[in-house]
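Reviewing the structure listed below.
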Amino acid sequence: MAGNTFGNIFKLTTFGESHGVAIGGVIDGCPAGVTLDLDAIQAELDRRKPGQSAIVTQRKEPDTVEFYSGIFEGVTTGTPIGFAIKNANQKSKDYSHIKDSYRPSHADYTYDQKYGVRDYRGGGRSSARETASRVVAGAIAKQVLANVKFNAYVSGVGPIKLEKSHDEIDFSLTESNIVRCPDTETAGVMENYIKQIRKEGDTVGGVVSCVISGVPVGLGEPVFDKLHAELGKAMLSINAVKGFEYGSGFAGAELKGSAHNDLFNTDGTTKTNLSGGIQGGISNGMDIYFSVAFKPVATVMQDQETIDKDGNIVTMQGKGRHDPCVVPRAVPIVEAMAALVLADYWLLNRTIKK
Amino acid sequence: MAGNTFGNIFKLTTFGESHGVAIGGVIDGCPAGVTLDLDAIQAELDRRKPGQSAIVTQRKEPDTVEFYSGIFEGVTTGTPIGFAIKNANQKSKDYSHIKDSYRPSHADYTYDQKYGVRDYRGGGRSSARETASRVVAGAIAKQVLANVKFNAYVSGVGPIKLEKSHDEIDFSLTESNIVRCPDTETAGVMENYIKQIRKEGDTVGGVVSCVISGVPVGLGEPVFDKLHAELGKAMLSINAVKGFEYGSGFAGAELKGSAHNDLFNTDGTTKTNLSGGIQGGISNGMDIYFSVAFKPVATVMQDQETIDKDGNIVTMQGKGRHDPCVVPRAVPIVEAMAALVLADYWLLNRTIKK
Amino acid sequence: MAGNTFGNIFKLTTFGESHGVAIGGVIDGCPAGVTLDLDAIQAELDRRKPGQSAIVTQRKEPDTVEFYSGIFEGVTTGTPIGFAIKNANQKSKDYSHIKDSYRPSHADYTYDQKYGVRDYRGGGRSSARETASRVVAGAIAKQVLANVKFNAYVSGVGPIKLEKSHDEIDFSLTESNIVRCPDTETAGVMENYIKQIRKEGDTVGGVVSCVISGVPVGLGEPVFDKLHAELGKAMLSINAVKGFEYGSGFAGAELKGSAHNDLFNTDGTTKTNLSGGIQGGISNGMDIYFSVAFKPVATVMQDQETIDKDGNIVTMQGKGRHDPCVVPRAVPIVEAMAALVLADYWLLNRTIKK
Amino acid sequence: MAGNTFGNIFKLTTFGESHGVAIGGVIDGCPAGVTLDLDAIQAELDRRKPGQSAIVTQRKEPDTVEFYSGIFEGVTTGTPIGFAIKNANQKSKDYSHIKDSYRPSHADYTYDQKYGVRDYRGGGRSSARETASRVVAGAIAKQVLANVKFNAYVSGVGPIKLEKSHDEIDFSLTESNIVRCPDTETAGVMENYIKQIRKEGDTVGGVVSCVISGVPVGLGEPVFDKLHAELGKAMLSINAVKGFEYGSGFAGAELKGSAHNDLFNTDGTTKTNLSGGIQGGISNGMDIYFSVAFKPVATVMQDQETIDKDGNIVTMQGKGRHDPCVVPRAVPIVEAMAALVLADYWLLNRTIKK
């Protein structure tokens, strides 16, 4: 399997299956001399972990990260940071019913076809559990970029939308509710909706938006590795993501140029920000903002007809402890991936002038 | 400048500015033994070239590709394919008025801030002219993947939408009109709208959709390099793109899991295809389809207030020959980038089993 | 720190310092479907481990590898193989005397100058302990390439040379003595020499040679990534290596073309093999052979004058448990790095034809 | 064919066959703001070109480089530098006799086996003609690193050796003779020897040594990408190279640690330099020096027995215009590759601290 490494200079390589011994990773290219707040890293993991509220999966996974290298006396040494998160529950009994069957809209069928062998204990490598390693690395990237702020939040749950633009959000409200929607009233509606969906044994999709503030001008490699292209790839690599847009996004495609252009102030800032903080693939110092669409979790608590390895029709029963809606737990993952991109491009940008 | 290479095995590296001597590139990793139809490559360039119809820029650029290496007696030898497209018009007189000013929502300001030096003749490296090199490489990638079909088309121009889903399109109609919308009636409305926009001296955005058929099961590296993540990055790296969605996309975020899951047929195909042909980041053999949002071209034929290098307010006059709407010419670019991704992942997929 | 990843498709990323919690790594790109013999992996580690004989360092390090992922029911799944080797002795007391001083011909000075921070407990990341992770990955690479044989051996210790060419060696003798020289008499002389060096509190360099048999024709990417260029880099990346030569090597530079050319047999094999099994950077199916020069270990058991961080002259006492000669323990490391290169190029070679 | 790109940040991608339309390349990652001396670049090409003296091949190839991009008003813009060198002589008549035969110790056989198709006009991609592109890029890298001096020279021709160590050389003499040996007397002996070899219709190998002065402390990524490992790969990727050693090299393997250690002066320099300017893979500010062994050119002007594609024995007549000894023309190539490595690692080193 290729593709377990993300980044050019600040690089994360991850390993691990949902029901193996451990997941973890190696961060290569973290600059030397960064004093790390290890509690802040664990706190990010806690924002992602199962069982944290009534509207997420009730699996018990403490998700405690152990660091093996690269940090000496609390400071990064410039050497690779190896880390692991042991899997608390390696028992596979919950998954025996899916050993020979392919769950609809999961990766079971494609993995089996591709590799000819499959770790049938849960999602294996395709499980969103892998994203815990991303959160660890992203939490370090955030500390590398102390002046850049990453604020993701839930802006949609099923048909319910947060009707505020990126510059109207009070980010201090994001963690004030279990949905992570920075609007108390909308959050309440979303929470009730998710609870109702769970009662139905169903799941629902949603949207996570993110605002990155304090970005220096000049980040982004302007042809294939445009800053927004890498952000897009980063987000699309998160499980269940179906779409990415930044700045004016899909709505911008309906506009005229005369309405879309961001006119300059004399200091180089712009009067409007439909560009989303990026022009020609390079950050212009304005807020970067984007939205990420998540499909509903495929595991529903309802019987579904599916096929087994031999192409026989079988009935798959809804079982297990899954999230009715992934977006509350996806918020720290979106921030982590954004931080990985920015840290990497910040370092890359040091090499471009004489 | 990093980031002028795209791909892992089938790799394209491009060079060239809009007003330099030439643009071009090197394709490394093209497999040996592919008999190339050079006319088909030029035909793709012709689909992209300026001046091809009444609704695109009227610049004269023949865009003739010269191959320097890697092809012997009409067959790829497995060595790198070097190529160049000479720039017909290297005179810079049309651009002298922008030498010291930053055009709003262009890359002028960010390039200057990033590199401290700027080729002020037109867009330089940020010009969409660079995409001609992508079209050359993509045309070769298409020939490498003879059984895979790439069908992009215009599905939106400003507020006008093609109201057909990906599986209702008659692709034989795409080239029947200058908008490249595979619906004669909608194409007519779009064409008239673009002409009106041009008369206003304005520009407008649009959407290009693409369907990829005949994809083998198993392409995609399922963590950071998911097939749709790489497709997303490929599309977001095209000039003016603001968003990408595949399968159910943003609309999928509103659905319930019970409605979104694609149930299997006994042969492994699925009854529906909200997954968009990709599950867990790996192709499942169903049609891959996605949409790409393009913002309106920033160069409008109207006076705009902007700033110069010293932060003085200046008035910039609308000048030059620009596209009122980029999407008709973006169609072959979207196909080219999709073909580059698929060729690369097809080769990568040969390495994953014992 | 960049550069902790080796390989293109079959990729090893390592982490860990000599006195940290653990060393380890991630193997990405190992093909699915390989049944692994885990005991054989540990056996390779045991060939490298300290304390194995009277002529190597007497440190106690069990070097037991733990696998965290990528292997299910004894078979590789195609997902990344994460592993760690816990450090038995994390106490730093032996090294306090070097905290503020730079050992001559070690990496202390350069690390401190480069990173501005240094893990002063032993060699940290510059310790040859890191090579244990390479041995793990190399042992897996060997199993991937079951038909290729990697036979490294000691061909020189200080001034004592094994006077046999690569095709005169009986590899079954390599493990018959603690020097790993496949000639009983020469091995005895070498062993006595090493013991004498140790008594003197000194160290001595040596040469490891390697023969790779059973290599398919066609491995190697013939420009910058020639097979021997990658082998050379692999070997030069091992601690203490000062030189690499393959085939006729430096002696070949003295020859005439008429004497150096390898004439063909009718089956494509060659009558001689001064090419060393590689022509134009590509394997030709003949045995690949090369030699690697190791300098003497810098830590001697004698007092040396050196400097501290402030540029003061200090006397450094010889202390600790170090190898008087590294080559016996380097044999499995050379094989491991060779196996990593061959496995990687074997996979790469699958992508080069239509 | 993979592997036509060299470098991490400062990256060269080359294309082109000896008898195609052109060779050339793309330099990506060259920093913006470097004022280039284009004549100096051409001068380096002239040092490498055929026909420059009585002891090299008498082929006529002007080797004039054309730049296509990346340079504006004489200054690098930070965008990729595309360039080409047109092939003066594309006629293939000289090579028709080898169309179906494999020249001994060339890459004919291995290319044909690997790719299944071969450009039989001369060496094609395996020709040392490709190195002209490296010289162009290396000449730019030298200008990027204005304070670093690269001095390569011929230190061996067949059995004739320059008996001077790296710190006894007067580099001003290198270009004073056609052998490029910086010792007038030895150069004369070498020149006569090469002329005699040519009369015999034979060829001979040799050694190029190189000293790099003015290297900042701290360059090198200390695990797999040690500075000397990358230099070694760079050199081993040059056609006909069989060996690489740096610092004490193979001779160092015979020494004791007490004799090999470089003791410090109080300013961090060392009293001796057996380390060759690199410790733990990182430059320590002392001169870097290394030697590169080149085998004799395989094309001799004598009849040789060989095989054709069908395995028939055929007699191959010595023909064409080839170098009797490659090392005089290899001197600028060695410098170029060294400069590429140093420029790349100099940029990489900007990313390692907070």
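For the reader, a short list of remarks on this structure follows.
Order of writing sets the chain letters: A, B, C and D. Residues in each chain are counted from 1.
The rule we apply is simple: a residue touches a chain if its C-beta (ideal position, glycine included) is under 8 Å from a C-beta of that chain, and two chains touch if they have at least 3 such contacts.
Computed from a prediction, not measured in an experiment: that's the story for all the values here.
Common neighbours of subunit A and subunit B under the contact rule above are C, D. Of all the chains, the one whose CA centre sits at the greatest distance from that of subunit B is C.
Two chain pairs are in question, B-C and B-D; the one with more C-beta pairs in contact is B-D.
Centroids of subunit C and subunit D (each the mean of its C-alpha atoms) stand 26 Å apart. In this assembly, the C-alpha centroid of subunit B lies 46 Å from the C-alpha centroid of subunit C.
Inter-chain spacing, taken between the CA centroids of subunit B and subunit D, is 39 Å. With touch defined as above, residues shared between interfaces to two or more other chains in subunit C number as follows: 1-5, 9, 14, 29, 32-33, 76, 78, 114-116, 125, 348, 351-353. Touching subunit C in their complex are the following residues of subunit D: 1-6, 8, 14, 102, 104-107, 109-111, 113-116, 125-126, 130, 156, 158-159, 197, 200, 202-207, 217-218, 220-226, 228-230, 232-234, 236-237, 242-250, 252-258, 260-268, 270, 274-276, 279-284, 293-300, 302, 304-307, 311-313, 348-349, 351-353. Here subunit B touches subunit C in the complex through residues 9, 29, 31-34, 76, 78, 144, 347-348, 350-354, going by the rule given at the top. Touching subunit D in their complex are the following residues of subunit B: 1-5, 9, 11, 13-17, 20-26, 28-29, 32-33, 66-70, 72, 75-82, 84, 114-119, 124-125.
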